[in-house]
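If you scroll down you'll find the structure; I have some questions about it.
For clarity, chains are labelled A, B, C and D in written order, and residue numbers in each chain start from 1.
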């Protein structure tokens, strides 16, 4: 996952007072500090492990997000800047070919140094340099730097989400099932609303970001598209509903599955969502608050696109397109269960919101769409390393919308396009159903 | 690749004369015989080899297309029908889970029996049964059977194309470079037209098959779509043009490539299209007429989606969407260099056609589009084994349009959607460029 | 498997009459013809398949053994000799680095040409050249050539054994279970002798070939060795005895197995010898005469070293060393069930021989020894390509003794050292138990 | 690597005073403390990484050696003993099938908990229990326990060697090249003795351990063997000598290599010993004291059996058998550069010892022998979990003799048989040449 400021973003307005610098630095430090906060309860040993190639060690996330500011801000605009440890440029580049050679992604868990403490020192050193640079910048320099620093802030928020989902995967490998954060028990009785479908007429609408304030380049250009009539479920599919699919032998009936999905089911012996385990006839799951019984009212999560699609087929429905989703989200406020709540797990639909036509569109679980991740008409990646943020991944991935319980509220947008390969399950991914209307 | 009659296909008209039966059987035998004709110059040994999992042995194609008629026609409608060799149902089922267990695809080259002769006997036996069944069918039975027999005929034509591309791959493994069919030398001097772009306005058009006569289910439902303004190249990219890309180090510059494409380039050490070899500074390629120097005027072929996309990026263009392609093909006649010409290789743009706005839209090379292979709005696969023909492959593949020198002229349609994974290169695949118009 | 004339072999005695030439050519043609005879009942399609990397296609064996004579005899001694197809030198070199580059072993099944007929023509052409060369050779040249031609003859006999075991493996992949040769039914009632152990005293003995007549270089130098007291079983282990091991859960009890063997059992899911299949509670096996029920009196075969060793541990015994075996074989005539009998399967101990102290030491099944395949003291491989015949394989293999039902009677010797990796099962391998005597 | 007390070990002599307990506990604590000492300079992050399946994380070594005492001593003899964390039995069992299920070896680097501190607490807890158990044991119980505790002590010493070689491999993955222990510079000028061969006559000798005091079961039974005349090099091969082999293109000439070795060279692209890197025409190597230029006088180390064998072939020599080595070591004192010196690297032959006939037989580098690791005549593994220590690994490994700079002086014996697969290079392995004498 990665990003570039949308080409259409307007040039920063020139100001003469220092408020703009302070605001930028405040936002910068707030987000930088939140990364550290997420590691507070971890031991140094936890921060080293890479449990699969998709996962990065916690300390790699801490260093990589810092490398981003060093590489794309300090090395470019701070005259005389010298890296303290030049090898970091190699170790902490993720995938930017234009920024030089890089360490192999699948070997990140073999690198014990820099230690966590050394990584934190690296963060502090770069933070201080950014402070100096921004504080002393004239308006013209600030105009140049602000979009890149803003991009770096959003980039760090993406890695915060990964840090959370990655440490969950790491802990899940351990039969001791470590706890990342104790659960806050919510005693309120849940009274789940039944699954309903909201209907939408045919319309030619504007899709994509309009270019005011920050967005990733993949959200544009804004353009018109014809959306045929459809219906969309009022809320995500729950564990209870997904369990019916399991109990109806959904995982052993080829007719519901894409061909590649059926191969994944058989090769990887999927029988339930990731982190689910059956013990003595009951289903349990591993959460960031430990190992516990399935809560039937929670949205189902940690499922692949293949499972989402198969469930929808079994249910006689389908997944929405990303245009349908964006159209439906048009009038809805962005609130919900985000990482700021520090529950680190999707929650049952809140009874307070159950009268809404569409619940939990934001937060809780990313919603798989049936749309392949592909460029919008007129899209063109920028030249240079930052052009590698998004465009080069537009192949064999599917778009997800709405954010999850590990996403920052200040990070998500209605036009936000997250994307993963259809077999991935370690993100907080879920299902919202759709239907054709003729 | 596979297919189901479009849901909208009209019921066969009832006739009282025998012409309809004769016509169907004539078409049936014509296509069945062409399969045998394609194997005429092969030794039995050639017909056994599976040179990679994507490739099937020639004799497997002969038997599998026959199994199709046995399974979906004879077993269903011929009372008292008994398979001579029941194990064939296991050996020659390709991927129809609903039709029973099947032999592993990647192990087809380990099966020496039935021999080629025995496979031909199997074909003749099934042909005779179909003759009997159709000749004796009343109109009601014929109404039921005709769509399935027609589907079987189109299915066989798809396998004829694979038979040709597969034997090319088999022969290419052999340093003796066997010749499949001697080349007919065309002495005419070629005067290539320069690359031009034809422009198209924005329009809301009908996409997909209208349901009259045969089409695969993935070509429907016919539906409206908004196509923004674009320009399309007048002809496919030639070897000469592609060679410029190679010589400009296109294969070693990451910035042109999708991330997955860049991995493929490096892991598989791609430096040119499949079957190209550099000897003493000159480029040669293996063709079905043997090993020979590159003809600079031929359309480039045997390239992956990744290479097509990278070439387009290098050229400052892009690939068309399948809707753009279908729009552009609207007024164009279906003719060109098809398998019936028995050249088994794409040909330079014929000077006779060079005044056309769009040349070689049909035949010669399949044209990669940037469209992921996905269901049209309202698409739903049928229940049962034949529902597995198309729908379950709608993931991680790209659509190709227009047919190739290995496609039958009677098989292709303007709405025809071929599809392959973006890394595949053994089909006759090529490039037609497109551009945005703002 | 491969060979070089023992270094100590005496120079060929000079003769003045032509008898020596005739004798050599007679032997040459007899063995060459037997290769062709072994392919008589095969279809061309059978001769192409390589069912695993260890297996070579039948037509590869026909060509490779011919390449041996072309490369090491004709190219060396026939002045002006020109290969008809120079690429054969690449396609049919097996592993002789000093003889040039070679085609990848695991890709032999992808090569359909030369066809079987073309391979036979290649054989005939080389045979004719050898005829000419030997017939016209003076004594001095004959002295030089005879050891290499003799080596080529023995080399061909080794490949005849492989041809038989390889086609068995090929046919076993096919659910049609083709028959290689119809079984000759032996109606005599078998009355198996009970398993007994013959005892041997400590002795310092001579081990290895004495250098008279032909032997492979790995059988020498002859040298003294101290052999401690031991006991050796009177006959190989039978299917009945091996079945007891299976039924006592031998394949699921780690304590009997070498660590690598236990990994093989679990990774490859071994539950019985290769080619055994359980159907409705009864054990069947695939033989070169088709699929049939296990004959309880036959020696067990198609087992790995790991299985032989585990069986011996379960039985409270062990495998013999190759020195113990050679000592025990000292006084025993070389007869038994060899390939000349054309049964192509091990036979129950013949009642006529049951009074012998040691039965079936030769033929029927190769007997795994616990001796790693390593050089005898003073052994040194020759320089040049033929030095690659044996020495370079002396690592991670175990020695087998005595020959099998697929070995030529004229090929085996008491000092003969066959060798395979401990996990291999597709040869006719079996078990003779031994015990320590204190 | 693993071990069981030799069957012939005499029962512990009964004593009435407490000296025997104190001595055992003193030895126990000395060795246990040395494990902790070896980790003193490591960060917690260093102790988690598993850089390849052969390597275990430092903290796994700390816990596994502790598990050994818990499982085989406390659980057996301490009444009412309860594990504090029962899952440790699963996490820290290495390969003892009879002791229950175990965590997959190649996944040890995914387990961040217990942390290093928790592992140290586990060690202290088990140590205290052993103190109590031994202090309070009567003589009869002590007789039973002492051999197992002694085995546990030797087992821990083996893991100390692995801990050192494993952390070297871990650090070598990191381009920052961390230093494990600063080098003590030895300023004395080295004057290398030339390579000489000492000759030995034919003899029938006793091989193996005589059963007094501790030895592993694989060192017995002691038995007679005939050793033919041979010559043995006076010292190990140096880096200077090995470099000649490299410069003579030893790594690209197939004729020196075993077939499997040649495959390893080509697949793994070996061009020099492990940890050697060529920079600007000079050879450097990574050591536990950091990255530095090759010292030409040091014994070459980190080479596989394949490289040792190829070097010997190139030199016109061979590797010794383990019997030859044991015969030659008969009169030599066990001293040398062991782990107690804390150099953690082999040293040049000390000039003080250069007058010795055979230098550096002990310490510095393990010496590959040409002997496959196989059971001595009459060897039989014990029943139960501790019987898995050695016997089950007697396949596809080669014996090494003499210990290394990472071995404890109190751990090695003249009869000690270390063993590794022929492709392994991460131990401190080297070469001593031998020759045949006729």
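In this text, a residue touches a chain if its C-beta (ideal position, glycine included) is under 8 Å from a C-beta of that chain, and two chains touch if they have at least 3 such contacts.
Note that this is a predicted model, so its numbers are computed, not measured.
Touch-path distance (fewest steps) from chain B to chain D is 2. Looking at chain C and chain D, no chain is in contact with each of them.
Chain centre most remote from that of chain D: B (centre = mean of CA atoms).
Centre-to-centre, using mean CA coordinates, chain A is 48 Å away from chain D.
Chain A and chain B, compared by their mean Cα positions, are separated by 38 Å.
Centre-to-centre, using mean CA coordinates, chain A is 61 Å away from chain C.
Across the complex, chain B meets chain A through its residues 95, 97-98, 204, 223-226, 228, 254-255, 257-262, 370-372, 374-375, 377-378, 383, 387, 392-396, 422, 436, 438. Here chain C touches chain B in the complex through residues 43-49, 51, 59, 85, 87, 90-91, 103, 107, 109-116, 170-171, 173-176, 178, going by the rule given at the top.
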